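The following blocks contain the structures, represented as structure tokens.
In what follows, chain A forms one complex with chain B and a second complex with chain C.
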Partner chain A sequence: MSAAAGVGQQWVLVEMVQAFYEAPAYHLILEGILILWIIRLIFSKTYKLQERSDLTPKEKEELIEEWQPEPLVPPVPKDHPALNYNVVSGPPTHKITVNGKECINFASFNFLGLLDNEKVKSAAQASLKKYGVGTCGPRGFYGTFDVHLELEDRLAKFMRTEEAIIYSYGFATIASAIPAYSKRGDIVFVDEAACFAIQKGLQASRSNIKLFKHNDMADLERLLKEQEIEDQKNPRKARVTRRFIVVEGLYMNTGDVCPLPELIKLKYKYKVRIFLEESLSFGVLGEHGRGITEHFGINIDDIDLISANMENSLASIGGFCCGRSFIIDHQRLSGQGYCFSASLPPLLAAAAIEALNIMEDNPDIFQTLRAKCEHMHKALQGISGLKVVGESFSPALHLQLEDSSGSRENDVKLLKRVVDYCMNSGIALTQARYLEKEEKCLPSPSFLPVCRVFSMGALQDLHEAVWCS
Partner chain B sequence: MERPGRAALGAQPRANGCGAAHGALRNGFVRGLPGTQINHVVHNGGLYKRPFNEAFEETPMLVAVLTYVGYGVLTLFGYLRDFMRQWKIEKCQNAIEREEQKDFVPLYQDFENFYTRNLYMRIRDSWNRPICSVPGAKVDMMERVSHDYNWTFTYTGKVIKGIINMGSYNYLGFAQNNGTCQQAAAKVLSQYGAGVCSSRQEMGNLDKHEELEKLVARFLGVESAMAYGMGFATNSMNIPALVGKGCLILSDELNHASLVLGARLSGATIRIFKHNNMQSLEKLLKDAIVHGQPRTRRPWKKILILVEGIYSMEGSIVRLPEVIALKKKYKSYLYLDEAHSIGALGPNGRGVVDYFGLNPEDVDVMMGTFTKSFGAAGGYIGGKKELIDYLRTYSHSAVYATSLSPPVVEQIITSMKCIMGEDGTTFGKECVQQLAENTRYFRRRLKEMGFIIYGNEDSPVVPLMLYMPAKIGAFGREMLKRNIGVVVVGFPATPIIESRARFCLSAAHTKEMLDTALKEINEVGDLLQLKYSRHRLVPLLDRPFDETTYEETED
Partner chain C sequence: MEIACPINKGISTMFTNILRGLVPMSSLPHALPRVQKLPQPRSSLSWASLTSFPPHPQVMYLLLHTVKGTPFETPDQGKDRLLTHWEQIDYGMQCTSSRKFLSISPVVLYLLTSFYTKYDPAHFVINTASLLSVLLPKLPQFHGVRLFGINKY
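Entry: the complex of A and B
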């Protein structure tokens, strides 16, 4: 039993040597091979996966010499339709001077006509005298002015929500709001006709995007049901995957409204949150201009986030999001366009406050706008060769060609001729502009006559001009 | 704005390269001390016409350890408080989800907000301070108090007047509410209104915009330029228009969020090189061209290098001569974001290209913002005519976003003409020189006091290192008590142990204001033990070259 006694004192060298002699041969050979293998691995060359072949420095120099990059930008043909802008001299109000010719403005999104309102201008002047023009900093670093806080307060009260947050650029509003909540792995159901800003927000969020046909609730329900089946296969993942529906109140690309009551039903049935983009419907729909929630009579707390830009009805610059504090407060630290960008110039915030005042004091302005929209919609119905796309109470309509010639380029050229003819007769119109390669679902070419509050008599001229061309 | 008396401009070498003096030795502020880098004329084959003094002193070991300990203690307390909140021992002040939506998937992960709830909330009063006057050299702030440890704020209604503003980006002092700029903007406002209500390609292109773009092109020395409504959006909307899949973007480690977002949205491959490190950039360029795209080995379509003029968190200036040399050697394109450096660097205020004396045509895409030095809002891109024509047609902003507001455009036009000297006065040039002198003076004095200051000697952005989390809040509050408004930054804008206070100098700061600020900083530095630097600069015994402007006074 010397081995058993030896176990207790294994550290003694003599015992170790004894064990060495007593071990079986195969054991020693195996250990010897393993030790040799370890030594080989330690001293062998490591392989990098990238360089499969070792190039000599001379070959590398040759490769660097030979490589030719593409030019930074491809050349743009001189007659590209988007290259030559119309130059507007003077203010873009009701009567507008385009390229030297005086026209009636049917192209700016100045729905309530507040662009040249004297009260708005004097409020902006007062703010300019007090604060200067720029804010010289983002909201976190001495860029928060009392006008910003006042505007956020007023917007929240107007929309009857808990809190509102302001951005300094309309496009950046929804494009920063979506990635703040929806991250990689989350699911977003979005309408096909969503505007470009929403598409960019979705791209920045890196979430799974599921498109449903425009305003087709059956299609959306089908997608939601499919997702539910997926969830049952993997309940743990489903418990942490957030879901959102992103829709617009009044669609920019088609001029119609989303069926909000059905969406609310789907929201509670499938437990999805709703983000509503109200750039065109804020200040247009609803009895007091509160947008599509007032239009349909829906409780505003049912919508998780409402985002709008102030560049249409409020005739200012910038955008805002409103909703419950639980949701909006998060954007103050994670909305990229809010944290990393300078705040809105105070004179524009003051102009927006004054515009809100006007909206609150004259609620009949919205009836007038709606009446004009209906009138315009009816008047444009009978024109041969063109069909009107959009709801009757939408201030921005699309006029598309009834029979397309098959090629988008030819359609665009034909429409351009129509627009030019109208321009020469004194009506300023514009074609709807898109980035052809970037849009997910490109709408057909059209032009957009925009209805404004003070445009009664001009409608007759518009009708005639378009008829003749 | 009164200026200190100055001697004739003459042939005396001045700060910021104004007035030639080729290779003249600076005052010897940094006389070969360890831990700093000096590139004199002899280095880099004569690419640099003047010394490039940039220093990032290493964090002292004891300070780093104590900072980690500090964060550890805060984290423990954070867990304790969360535990107490969960078990209703402590009242939960967070906003909570609606009752009807309690069974929805939670909108925020609990852990995501751990930092916000437990660390950020405690010192939240250092940020988002509301002001109610023009953001010039002195500013009025609305007083706000919190009775529940920063969860909610109430405004007392009192206004604290005359706070020295070291936080706003007002480099040339154009944030004014009187004077020629403001009057011109007022006139345009009454004529054009505040908004535009249309995008550039539709009906929003005013004659004012065309005038602005021609002026910007002349200012930068490029063929053509285009202006946009928001600086952040300029980057995030135009980089995707320039590069796409199959292209390579080489971006600096510390680039701004807008550049990172634009690069990600473009769909190109992104590779990061170490901050301002030319060897790292060269290695990446070589590897990219020799090995091509990963896996398919196809050659890259184009390579775009993204750098900034001044990095706002570090205060460092890009090594532009070397970047341009590399760009030419490897046939890539350079995108320079001059958000902070336009107007603030260079003898004529034309930015970092002017500062190094280089040719603006070497930079393919010159981007910048109007928010910082021009006191307005918006961004621009300048370059060759083909580039700008392409952007006019394909930029996302031109098609879908509203154009600049007319009074803002007028402010930019007036201030730019002032800087160029075209309004008939030398006011602009004086502002540029005043800023350069303020920068040199302020940085030198802080280094003499013993603080660790990062960045280049000529950059008007001055980061002062704090390191420990508790000192972030303490520094902000103590300075406010002494009527000085500073900006403090911590994680996640900076690495976790390198929190700092950042001063933005302005041409509107007079020497008295700077001296007051320096005195208070000295006091607070002693109080909070912030003087970490081991390379204390020796106060100069020989008289400085600009002695005629600034006397060395006793504090």
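Entry: the complex of A and C
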């Protein structure tokens, strides 16, 4: 059997070689060309497609000679804020000790007063004894503790969403969440007054950014309509671009709320996803402190992603994102601040859980906070030379100069004098600081009195102090 | 074009010597079906060759030149979302060893097949068309070119 197969094989081979001699010319020529091409390919060098402009050595020398090194420390004026800083000693509670002088604290973003709450402190201390100070790794590499999972669970239940994810730094929360979903070629419509963290997230995402005027729904609709027209011209491209709207619940830079019901209508009309940043409105707005969705009575499933930092109302460090499982789970591998950063220290997670407990047990503190905010807003109204910017129930207001002197530097200097005077009279305020060269739309200089619970009596003092300046 | 997804690096850098990685990996799927067919002295041998040549270029075309982007998230924010696998190999460098191997292997297969089909004209047409369809997209002049807007987005 195998011998017959062997003979058969030989017979076939002879036939093959015979066919080779009788092959048509065009076929053999083509094969010859292919073999020559293979040889050429084997001996070709690798090269890059982009052309680089090659400088001649002389040009390189010229460039090197022209170069002047920049000083390591750029020349700054003597009154630069980085050179004259205030030193705070002791924990920031109702009163804060600045430069040795005890002042009423209008500077910390401690809206619910949970920073010096005994229960929160004892929960943190118990956790410190149990776990030590830090987790020694990111969430994916031995850095996940049960307190993290518990905090995520509790936050998801509190916000009534499917899942939540914790970040260890508040700024990094929204700055990691946006680039996890929005990539090159995608379009993001963002408000002009978005905070710096959002701007950095957008920059990291490399997407096309379209700014619309602050809280101006007509402007946003115009941009969406323009985008729709472009999409109709190129439907195949439109099918692969993702569109997002990024807004804040309570804006850090202006103190007002976004018109969420209109945004939801625009979302469903133009098919865009909404990312809501609730750092200032979490624990402030809404009946139970659930944020702006509760404030406006909107179903939380309408918002695709809610991101907040826990550094304001929850008196902890870090941030969280909550939403549907399908959306939040993506960040477990793509959220850069989640995967590549050490996880939240367990004592802070335990403190946040305790703060959540307090928020859930006493839902009336939110009403108290809003009442105090309104009181403060009214009390600050009549000050000559300053105007109050912000909603009446917003705990973080801005006091801006009514008539600007024209140059930002002079305004900043004047406000600094006001703040110093207040500091001397026993009220600690801060100026709103911006990285002037980095911000997209720089807000006018202002200072931020922050309203907190339990600060009734201080309002009179503040009032008097600012009147006199 | 600076950062390619790891699977392209996988082809070029993880298996730095192509003889160690790419050659066995791609030789095996060709060799296996042919081993059974070779020793059978049938006149239908030529048709057997026909069935074994065109699938290879078609599959190669599909995997290298049709499918775009990466099968997993990359840290470069979707730079290669619109690039095919071939364009992503070695970060867009042309004529690297992996690219040379992948260009030469269909030609070698074509030469073998035309030998086995005894230079039949009908087979010539089909096989040459398959070969051209898989060789043309690999030329450096065709990098990033999308004809008639097919496969652009």
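Going forward, the second predicted complex is superposed on the first by the 392 of 469 C-alpha atoms of A that agree within 3 Å, B and C clash if a C-alpha of one lies under 4 Å from a C-alpha of the other, contacts with A are read in each partner's own complex, and residues count from 1 in each chain.
Basically, contacts are C-beta pairs under 8 Å (C-beta built on N, C-alpha and C of every residue); 3 or more make two chains touch, one makes a residue touch a chain.
Owing to the predicted nature of the structure, the values given are computational and were not obtained by experimental measurement.
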item: Touched partner set for A:F282, first chain B, second chain C, both or neither; value: neither
item: Per-residue contact with chain A, leading partner among chain C and chain B; value: B
item: First, second, both or neither for A:L333, with chain B first and chain C second; value: both
item: Partner chain in contact with A:P24 - chain B first, chain C second, else both or neither; value: second
item: Chain B versus chain C as contact partner of A:R239, first or second or both or neither; value: both
item: Partner chain in contact with A:G185 - chain B first, chain C second, else both or neither; value: second
item: Intersection of the chain A residues that touch chain B with those that touch chain C; value: 50, 204, 239-240, 333, 336
item: In the complex, chain A residues that touch chain B; value: 50-51, 55, 60, 63-64, 67-76, 80, 82-83, 85-93, 96, 98, 105, 107-110, 115-116, 120-121, 124-125, 128-137, 139-146, 148-149, 168-172, 175, 181, 195-197, 200, 203-204, 238-243, 268, 271, 273, 301, 309, 311-312, 314-317, 324-327, 329-330, 332-333, 336-337, 339-342, 344-345, 347-348, 351, 428, 430-431, 433-435, 438
item: Interfacial residue positions of chain B with respect to chain A in the complex; value: 95-98, 100-101, 103-109, 116, 120, 127-136, 139, 142, 165, 167-170, 174-178, 181-182, 185-186, 189-207, 210, 229-233, 236-237, 242, 256-258, 261, 264-265, 286, 289-291, 299-303, 330-333, 364-365, 369-372, 374-377, 386-387, 389-394, 396-402, 405-408, 411, 485, 487
item: Sites on chain C touched by chain A in the complex; value: 1, 39-41, 45, 73, 75, 77-79, 81-82, 90, 92-96, 100, 103-104, 107-108, 110-111, 114-116, 118-119, 121, 124, 128, 140, 143, 149, 152-153
item: Of all residues in chain A, those that touch chain C in their complex; value: 5, 8-9, 11-12, 15-16, 19-20, 22-24, 27-28, 30-31, 34-35, 37-38, 41-42, 44-50, 179, 183-186, 204-206, 236-237, 239-240, 333-334, 336
